[in-house]
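The structures considered in this document are given below.
The following pair of complexes shares a single chain, chain A, combined with chain B in the former and chain C in the latter.
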Partner chain A sequence: MILTFLSVSFLVFSFLDMAEGDSSAYVLPEDAAEEEIAAYREAQGLNRPFLERYSGFMLSFMKGEWGISAAGHDIKSMIAHSVPVTISIAFSSIFLALLISVPLSIAAVRRKWIGCGVSVLSTVLMIMPSFLLSMVLVLLFSVYFRVFPVAGYVPLSRGFILHVRSIFLPSLTLALLHSSLFMRVFRKALAAGAESQYSLFALSTGMSEKEIAVKSALRPSLPLLASLVSQSLSFALGGSAAVETVFSLPGIGALMVDAALSRDAQLAGTVMILVAVSVAFVFFLFEGILPMIDPRVRRHR
Partner chain B sequence: MRKYIILFLSFVFLFSCSSENDDSALDIALAQEPPTLDVQVNSSISGKMIAVGNIFEKPVDIDEDGEIVCRLASSYSLSDDGRHLVFEARQGVLFHDGSEMDADDMASSLNRWLDVYAAADEAAGGNRFSVDGNTVYIDSDDSLLMLLMMIASAPQSAVIMPKEVFESDDYLISEYIGTGPYLISQWYPGDYIEIARFENYEPYGYDKSSGPDTLRYFFVPDGTTRRMGLESGQYDAVDCILSDDIPALSENDDIKLLQGDESGTIALVLNKRSGIFTDVEMRRALSLLIDRNELMSACYGDYGYSIDSAYMEKESPWYVSPEDDPYSIRDEQKGKEILSSYEGPIRILSSNTSNLDKIAIALSSELEKHGIKTEVIVLDWASFIEKRRDASSWDVFISAYTKTALAQMKSYLSDANPGWLEDEKALLMLDALNKAESLEEAYGLWNETQRYLWDIVPAIVPGHYSTVYGIRSDLEGVILREGFYFWSSSLSR
Partner chain C sequence: MKRLIFGSLLLLLIIIAALFLEGDAYVDAASRLSPPSGDNIMGTDAFGRSLSAMIGKGVLVSIAVASAITALSFAAGIMLSFLFFSWEMPNPLFITAMLTVKSIPPVILALFLNALSGPGILKLIAVLSIGQMANIATTAYSRVAVLRNEEFVLASFGLGKSRLYVFRKHIIPALIPYIALQSVSVFLSSILSESSLSFLGCGVPVTTATIGSILAEARATAAIAPWTVVFPAAFLLLIGIALECIISALSKLDTSTH
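Moving on, here comes the complex of A and B:
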């Protein structure tokens, strides 16, 4: 675990170090004179050797002193502002994705024509770039119907409804992308379950098709769904740079993009470690939940 | 299935009922987020739009006619030989922290500005401001007229803050305490900055007390999102309207489009230290060969630019009409003849910010059309700035230059900046400009300098651009000057 954090932060740090240019290009004006640049580099400690900067960063990170970004903002408060955005979108997008994909997958197993529709839908969603999808949704819901705002984030503290309104379209965009994967995999598992021997047996005992779909086919497919959810969730916690840019959301993805463009190794390193921690946490949680929903895992242990 | 659809629609309805805006605040969407509001160091237009005039103010400013007017200085005087400059600090002006501004604050702020701004330091001849009672003064061996002009209008703004702000060791300031009508109430990097009325603001000379109580500047990098936000009423004002959106938006009665004076120039800066363009004939040939309209429309589409090879903007008193530019009239044949003697590819460097890479590609395809080999290098901003410093890796770079109040502030007219104008005569002429004792003298000197520069082609200016702003049509009193300002605007909602 600690090795992961070390290597993640080291990689980010050294990539940004290898990239051309440094944060002076971002903070100082385009025509800054050599002496201005030199003074800035000196003050920011950019002249110090790489290993010294990296170890200094890791030490202060461990101590909980995350310092200030290249532009002079407190990194802790920047992250504190963007984490809720990403968490809120990650969870609501997974929730919406389940809301879309589970009923559709069950319906697809029971009715062939729905199955065809679902296949087409999930293929279309899968090949659609996320920024295009979000543009279409914005045009439809924001400009045409004027139901949701085009961009921007409203924190939960300013009211639940305003908050949900501001994250609905970005969440829906991500949800549609997640659900295309969910539907593909989950539907196959359901279909396999429905054709399996125990389902046939259930049919022979006089259970209705609906009951079979829910009871005997759904249950064995749940662990698979859970692992898909945990993967998508850990992916979403890293933030989606494309969606966050289109909707101007101040999330983790946007923060990472800014940090990379401004060559801010301190900020990028801190964010990456936190993302790695959260991904590890989601997997840990999933390992804990799995035996609860899958008796087979319990028995193997 | 039907149940789901009903559920979804009711959900949509539920959220569509809530209110969009509170009335006292004006929501503004800007394309760019300023990395810092330390406007003495950072010269971004977005930082200026938020901070200069709203939060911070300068001792003197420049009005629409190019005249110097007093702001935080109640008066200023420049001796006849231009070597002694005095500002008198205005009495009774309060900082946002409640303390009163005095001459000490003014001198410390101006001296810190000189420390971080090499061009101003040069104009001051390395000298610094001193305090004498209620006045600050500076002496130099050369004329300080240009320093005065820079304090009034330089891209790195000479704003006044309490002297305590500069006591920290950090390069950038971390407390934003000014004297303006607004103070920062909330700032979420990457999201928005909210500024609110400063209760103790006392209007002097120039009233800024009628504007909205709160201004929120949102950072919306995507042009389409900004446009849609303006159309849906989420934003009251947006900057950098895309050229493609202009026809549709100008037909919308709820929206007013504002186009200010020319906001800056596009320049193809030629590498005069290494490679093909060290040869003046090659530089002239390139200037003759290119189709300027093609280059400008590649970036701006159908609107928002003019073809003009003058270095300064048309509305400026420095403007020299381009009729006398011998190499701005296209002569493809001659240009091609000379340039095609060059074997290696011409390396065109640009960054992907503000569509400048489109100009690079247009330039490349034009040269290729004439059988001249090219290589296009497009980088992100930080890499572009770094690459530019290496004379051996490029032949021409493309950049946009915001309008400057003084001709010698154009950064490609220097031997220290990439492009490296090392021509002795040109440098002497520019230096004389710095020492001019009156503006009339300076304008005259620039007229000669501009003609000489057209002849030796250190850079090619294909044209000028103007930013188009979009505001709600019921928003009145917006001030348009290197950005848009709202301190005396009002909404008739």
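Moving on, here comes the complex of A and C:
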């Protein structure tokens, strides 16, 4: 995680450094004398070596001084406003995805015709880009049925129901995309578990098929599911850009798109470092959880 | 096998249709948002431009971009395999490096570069190829690790063959099924990411029509002129179906995943 932080911040800083060239070209008048430029560069610390400036950048980043966006707002408060939005979508989408995919996968293993339906569904969702799916859902639920609002965000502090209503469709979009992957992988693992010898043994001891599906087939597939969830969380953190834009939610993804469209490199760089670090943190967390749910890993250590 | 043929034929058909439809789209204020008819078989958009001409061009641009990304990733896959073949990278080091690469979502990286210096096709191709690198490197690493200790490889070394010779003669043929499968997946995900980024206005520059940018413009007119959404979306989904068929056929051929 620390390595990720170092390498990503290094990447961002060197890009910023290269692209900005030298801010003396923007700040000083065009006919500035050589001495004036030199004095300015000295005052801004631009003459110091690259690594020294990089460590300065890192220090101020760690202290939480992230600077000011091109539009003149404080980057820290902008990010603080958008993080809760993205987090609440990310978690509710994972929750919904599990709610959709786990029962469907279990049903698919037990009944052939459900299995066929599930594979068609997950294939369709697999090839659907997130922005297209969200447009379809908006047309369906907001324009024709008028159940959910078209766009906009209501914070949790203004009431739970209103909050859920405002994030339901974006979460559903991401949840459907996650669940296509979940179902595909999880189903295979379940089927392998159900066909295995220990399931056969369980059957011979008189366990019902339902019990076997839950006890002896589900349990070995759990670590796989957990790794999928950790990957999906990172996807939700990064890939929510399109969904947040369609639903005009003020989240991290939308902030990043705004930064990209307004050429705000400082803001975009800061967001990118934070996203990378949080994704790395999720992976790190997963590594910690894995031995708890998977005895096979424990034994190897 | 049937799926492979079906998928390839469908993809070919889409490209031919796109070549046939492709043309210059002109702004025509008189025929804004006209439904599909003999003149414009897919109707017109909010500026009166012929949708079929724009979609044709968009499909070709998307496929060209995705092909470039696939070619780059393919080359990178071969080169990384050779690297891993000649230098046994320690496993913990490899895993850490992959986690670092994986923790930057490609879309975010693309948006960051956009913020730095604006959109551009070459930049898009480069960024999305980098985004695929983690998967490709993982496949190459795990495959080469297995192959390195296979008897036929060891035997070839024992005969005094050079590293490059063994790689060309024994490793590449054994890698081809995996790389082929991966290339098609890369193609599909490039098409999806490219259209998402273009939809956001941060992919292919706005002056070039792509499926993503057509859909972005169609967002405003979706309810009153459904054809502005339906046709580009249908093309995107058809490309997806074709590629998905090829992927599932290729993964059936690949016996190691079962």
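We adopt the following convention: the second predicted complex is superposed on the first by the 244 of 301 C-alpha atoms of A that agree within 3 Å, B and C clash if a C-alpha of one lies under 4 Å from a C-alpha of the other, contacts with A are read in each partner's own complex, and residues count from 1 in each chain.
Here, contacts are C-beta pairs under 8 Å (C-beta built on N, C-alpha and C of every residue); 3 or more make two chains touch, one makes a residue touch a chain.
Since the model is a prediction, treat every value here as computed from it, not as a measurement.
Asker: Once the shared chain is lined up, is A:S234 touching chain B (first), chain C (second), both, or neither of them?
Answerer: In the superposition, A:S234 contacts chain C only.
Asker: According to the contact criterion defined above, which of chain B and chain C contacts more residues of chain A?
Answerer: B
Asker: First (chain B), second (chain C), both or neither: which does A:M292 touch?
Answerer: Neither partner.
Asker: Go through the superposed model and pick first if A:L261 touches only chain B, second if only chain C, both, or neither.
Answerer: In the superposition, A:L261 touches chain B and chain C alike.
Asker: By the touch definition at the top of the document, which applies to A:V120: first (chain B), second (chain C), both, or neither?
Answerer: So A:V120 meets neither chain B nor chain C here.
Asker: Which partner does A:V143 contact after superposing on A: first (chain B), second (chain C), both, neither?
Answerer: Touch status of A:V143: both partners.
Asker: Quick one: is A:T245 in contact with chain B, with chain C, with both, or with neither? Answer first, second, both or neither.
Answerer: Once the two structures are laid over each other on A, A:T245 reaches both partners.
Asker: Given the touch rule stated above, what does A:M135 touch, chain B (first), chain C (second), both, or neither?
Answerer: A:M135: touches chain B and chain C.
Asker: For chain A, which residues belong to both interfaces, chain B and chain C?
Answerer: Residues 19, 135, 139, 143, 245-246, 261-263, which sit in both footprints.
Asker: Inside the complex, what are the residues of chain A that reach chain C?
Answerer: Residues 3-4, 7-8, 12, 15-16, 19, 123-124, 126-132, 135, 139, 143, 234-235, 237-239, 241-242, 245-246, 256-257, 259-265, 267-269, 271-272, 275-277, 279-280, 283.
Asker: Quick check: in the complex, which residue numbers of chain B touch chain A?
Answerer: 1, 4, 12, 14-16, 18, 20, 29, 35-36, 38, 41-44, 116-119, 155-156, 169-174, 188-192, 218-222, 224-225, 228-229, 231-234, 379-387, 399, 411, 414, 416-417
Asker: Quick one: which bits of chain C touch chain A in the complex? Just the residue numbers, please.
Answerer: Listed in rising order, the residues of chain C that touch chain A are 96, 99-100, 102-109, 111-118, 188, 192, 195-196, 199-202, 212, 215, 219, 222-223, 229, 233, 236-237, 240-241, 243-244.
Asker: What does chain A use to touch chain B in their complex?
Answerer: Going by the criterion above, the answer is residues 19-36, 39-40, 43-44, 68-73, 78, 81-82, 103, 107, 135, 138-139, 141-143, 145-153, 159, 161-162, 164-165, 168, 245-248, 250, 254-255, 258, 261-263.
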